[in-house]
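In the two assemblies presented below, chain A is common to both, partnered first by chain B and then by chain C.
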Partner chain A sequence: MTMAAERSARHSRSRTWTRLGDFASRWSFMAPAAIILGALLAYPIFYTIEISFSRFDLMTFSAVEWVGWENYAHVLDDYRFWASMKVTLIYLALALPIQIALGFGIAFLINAEWRGRAVVRALFIIPMVVAPVVAGGVFRMILDPLWGIMNYLLGLVGIGPLDWFGDPNLAMAAIVIIDTWRWTPFVVLIATAALLALPKDVFEAADIDGANWWSKLWSITLPLLVPIIAATFVVRWLGAVKMFDIALAATYGGPGGATNVINLFIYEEAFRSLRFAESAAMAVIILVLTMILTGLFLVGTRRLEDHY
Partner chain B sequence: MVKFDAANAVSRRALMVAAAAVMLTGVPAYAQDNGLGTPEQPVEVRMIANEAFANQWQTLMVPEFNKAYPNIKVTIDGVPYVELLAKTMLDATGPTPTYDILIADDPWVPQLAEVGALADLKSAEFAGWTAADYDWADFNAAPLAAGEWKGVQYGVPLRSNMLMMFYNRALYEKAGVPEPTPALTWAEYLEQAPKLVQDTNADGKPDAWAVDTYFVREPLTPTIWQTIMNSNGGRLLDDNGKPAFNSEAGIAALETHKKLLEFAPTGAVSHGFSESLQAFRQGVVATMFNWGSVFKGSAIDPKTTTLKPEQVGIQVMPLGSTGPGAHRGIWNGTVSAKSEHKQAAWAVVQWLSSKQGEAWHSANLGVFPARKSTLASEPSEAWLKPVFAALQQAYDASEKGQMWRIRHPRSDAAQQILADEVSRAMAGQATAAEALQTAADKIEKVLN
Partner chain C sequence: MSALATAAAGRSGRPKTGHRVRVAAGVFACVVFLFPVFWMVLTSLKDQRDIFTTPPTLFFTPTLEHYIGYMQRADITRRLINTVIVAAGAGIVSIVAGSMAGYALARIKLRGAGTIGVLILLSRGVPPIALAVPMFLVARKLGVTDQHITLILAYCTFLIPYVMWLMRGFFLALPKELEESAMIDGCSRFGAFVKIILPISLPGLLSTLIFSMILAWEELLFALVLTNRYASTIPVAIAGIAGDTVNGANWGALTAVGTITVVPVVIFALLVQKWLIQGLADGATKG
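And now, the complex of A and B:
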């Protein structure tokens, strides 16, 4: 072997060692986070999937026997599952557009320069830090047909008394109102930040061209905000699809099953009926559906970003 | 064999020492055993219980218990009712359970027993730790049966409860309706109900209603329907354990339960335990079907009620074709089968369910007793006298009509199905017949 070849081989070996060392040092930093993520996130998901295909033995509190798709068949055969899915879709179809429209609308209004704006922004955060169960309980008192202040106020203008938790439509409206009260401030915060980040030169150019308030809103602000609106929608969607605690505290899923959102149904089947295997099957179905829909929303968001 | 004999000899010596100790000190032998701790080495037992009364027990009951058993340290963890069964199961089925004493609601004993979580309280081991004057026969049959499953006694009644009828005498008088008596029938009650919806302040709007009770979508709501059905001869399950409630009696009972809504306050379809209690204590409903244990807070304690003791009456629920109605709700004291301190755990449960413990519990915390002797005795408080009389009637009615929830390892799943379907009928989303047929089909699958 020539000297050059030897040097080249040595160089190559040293490069390999450098790469390996680099790889090892990177993973030594990443490993703790990866292990924690694997333990806290991946393991529960895979365990849920395992339970969903098994018979759950309460004596050992574990999955004991592979039963294939049996739990899924039970779930899909249960009209209550489909009814809960329908209720969840109605809730999402009502709550998300209202929260997005209201959040961006309020952000637009409070974006103007006025005294006390900072205080109002700070106050907006309060509903977000109230626990959902507390919010549900408080609104249950506010909307109580006998003693609640809402019916008293409506009575002053000749409306009511409204049976907020007894009428299926009003019960759904109550859930949407409570959820909107809690989460609109979150949308307001994002929208306010987005509005502040909009390029000023575009608006100055529009002013020079003589554009009025509406033209600027419709032709500049909204198109520039579309990617943010879409991203906010996805974030809220992921939060809203998990909602169950407000319904648990305010309506108990009733009347009938009018507000029995899917996560409340899963919770009740697991922790009240102790049907963990069927509940796990439902959770997996919801996980898959949520992943598919979230994927579609993300694709849509990217397209909107490209378009605008 | 030699070892066996030696062991016997040791046991005999131990027995003689124990007997001598009893003679010298006058303290029962079971209280001297190391399983009950010593001043140097106290025993610690942990209890899991409903948070609704766990704190009260920890602060009031445990110090009283410690007067008799100073070397047993009792720690009680309160858990919200809706999570209690799942948490108890999770803990009890683990290799080293945290809890020695499990406080189980009426329908939970079969589930816990079936997974091997509970100790047999009448086994030879426990018999050796049971006081000679602990009178099993003194318990009323209905509450004691709540702690039994497949012929084995796993629990004893610690907090006995019955669904009862409460009435507001002032509202009855104002409406000119005769006060209810235990002879009141459902037909008579429904005939009187419209008169009990009143406009007491003459502003043209009703401000007092006939009834409030469970109507909301939750597992205890079907107990009202079930009680009406049971008192009319209907049954939840037949002798083969198959649903039998989708019968004429069951449908009629559910229609009666729904009819009560017509005479209840606005929004009562979303009312359950707390809301109906609030309505009654505020004096806006003439009758309430609720758990008897709320009597003290509804009639006696001015901190929790606007009503005066003389205003509130209590009795069994109205008569059906076969007798009065009641519904059993017992909190059972059970001992974990895996507990390392079974003797100490049983000492706690045994003391609280003994004649002495029950009398203290009833007099000081207003908790209902399960023993015949306690109910027949002169109560420490005058207000307890009519309550005890009504309670004894309720126990008898409950036993006669088997007025309790489904007893099965999957009873909670069945109860949730009943809650869903009764609620659908209440909300008008299904007829009584449709709702009960759906419930029967589903429960049959669940119980198999």
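And now, the complex of A and C:
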């Protein structure tokens, strides 16, 4: 009787230890990432939120006094904030569809079977690894109104000369061109893999049924590609909302704020004008908007995947 | 499959021209996309007089004066070293922490793992500017601005989630029996991870590491905010040269430093291009 109780006690103690050990070994894999991300991602976000509701004292360089929604009211009253939001929206609305359409188009072209296919595909990696700030700087040279090669080439076909960085619309076009140059290859690489993975038998069946090129594209290829197009869109969206380097290097937001995307605007307000409280409020607004939209896009992607 | 294509082409004759046009258009697109890089390298080798000509010249006597002139400046060499330190440091820290966490997400049943997965996905949407402001303030308070470690840790905020997600995909694709049999043979979970899983995933690990290092190598915002002299990186220098309108456009310097920045990365990327493409495709489809 006592022997049995003792044995079961020992047994249960050792079981607790095993379970604790097991728990530790399970979580030990997650721990380094969780600690680093908790300290460097979660904590700064909470600190931003705190600053956004406070008066920021530049003497002590810290948030001193709770002011409620005051900073947010300032920001929402600031026409420059709305102008910058508009610029960011225009950039997103132009760049994302162009890059996705162009990326899938080029992927179709370079998937044509010939000896150099692998080389061409590998070469498309190169623009993708050019630092965005280098891309911005180099295009500033290429698009230079006086000495740039772009205006020279356009002049050969009778266009121009275009004042790429003096005209607000052309400056936005320049930003979209640079961003498209930098990011389309990324879409191309994803799209080539997706196109190669399309089932061949469906197309053969369509050929036998005498389907033409257009109806094959419209009723077979596109529906099959919808999930991957949606996924590519989400990945590109996540990159594009962070766009900063290209605008900084190519136009620095100019002329007259025509290319002042929101990240650049917040950066300027925080680190040039030292308006940390208002910048924090703007950062929180952008954070919340991005989170909501990203969540919606993710849900939308799932829906599309289920639907097709 | 290629026999089938030739057979189809031989049958009607028209697809053949279509095929040729398609190949030509694909090569043309490739040339267009490579041109800016080509033009950058070309300009970096031009004499100041050859840069500012109308029409732009293709043929000139190449010179290394921009490279020599800029490499002699202490800050460029130091910035290059800083960039290497920061990229390698951030890459290594995030590959270690990220691959372990990715393995936990793929293989170990954790309560709340689903939530963590969603949080990581969402964290990829956090705009860096929302982190840059508080990080700058905290780093200033702690007196750790302008140090390599600060920048390395800042880069981990976007690299770890990225590595986690990619490596989770790699680990999910491995057969479960691998580590199960190792653990039956008396390996601990950690032992099985280090001795069995990591060696098999080496191609994936390497390409993810290289891609993380590239992302750290070209990062600008955190580098601008968190460093000023001592630990400053190359992208900051390029932003400075590009934005320097006071002394006039210094295209020689811009393209020379740009070429120095881009060439090592291109070489690395082309070395691992097969895995890089695979990883990208997986990252997009499974992410």
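Just so we're on the same page, the second predicted complex is superposed on the first by the 275 of 308 C-alpha atoms of A that agree within 3 Å, B and C clash if a C-alpha of one lies under 4 Å from a C-alpha of the other, contacts with A are read in each partner's own complex, and residues count from 1 in each chain.
Criterion: a residue touches a chain if its C-beta (ideal position, glycine included) is under 8 Å from a C-beta of that chain, and two chains touch if they have at least 3 such contacts.
The structure presented is a predicted model; accordingly, all values stated were derived computationally and were not measured.
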Q. So, A:Trp214: does it touch chain B (first), chain C (second), both, or neither?
A. neither
(Q) Output check: A:Arg80 vs chain B and chain C. Expected answer is one of first, second, both, neither. What do you get? (A) first
Q: Figure out whether A:Phe61 sits in contact with chain B (first) or chain C (second), or with both, or with neither.
A: both
Q: Once the structures are superposed on A, label A:Ile106 by its partner contacts, choosing first (chain B), second (chain C), both or neither.
A: second
(Q) In the overlaid three-chain picture, which partner chain does A:Tyr252 touch, first (chain B) or second (chain C), both, or neither? (A) both
Q. Does chain B (first) or chain C (second) touch A:Glu268, or do both, or does neither?
A. first
Q) For A:Trp164, is the partner it touches chain B (first), chain C (second), both, or none of the two (neither)? A) first
Q: Decide which partner touches more residues of chain A, taking chain B and chain C as the two options.
A: C
Q.
After the superposition on A, what does A:Val284 contact: first (chain B), second (chain C), both or neither?
A. second
Q: Share the list of chain A residues that count as touching for chain B in one structure and for chain C in the other.
A: 61, 144, 252, 270-271
Q. Which residues of chain C touch chain A in their complex?
A. 1-2, 5, 19, 22-23, 25-27, 29-30, 33-34, 36-37, 39-40, 43, 51-56, 93, 96-98, 100-101, 103-105, 108-110, 116, 121-138, 140-141, 153-154, 156-157, 160-161, 164, 188-190, 193, 214, 217-218, 220-221, 224-225, 235, 238-239, 241-243, 249, 251, 254-255, 258, 261-262, 265-266, 269-270, 273, 276-278, 280-281, 283-285, 287
Q.
Applying the document's contact rule, which stretches of chain B touch chain A when the two form their complex?
A. 82-83, 85-86, 89-90, 93-94, 111, 114-116, 216-219, 265-270, 272, 279, 284, 409-410, 412-413, 416-417, 420, 423-424, 426-430, 438, 442
Q: Could you please specify the touching residues of chain A with respect to chain B in the complex?
A: 58-61, 78-80, 144-146, 161, 163-166, 168, 171, 251-258, 260, 268-275
**Q.** Complex interface listing, chain A residues touching chain C
**A.** 25-30, 32-34, 36-37, 40-41, 43-45, 47-48, 51, 61-62, 106, 108-114, 116, 120-142, 144, 147, 149, 152, 181, 184-186, 189-190, 192-194, 200, 228, 231-232, 235, 238, 241-242, 244-245, 248-250, 252, 263, 266-267, 270-271, 276, 279-280, 283-284, 286-287, 290-291, 294-295, 298
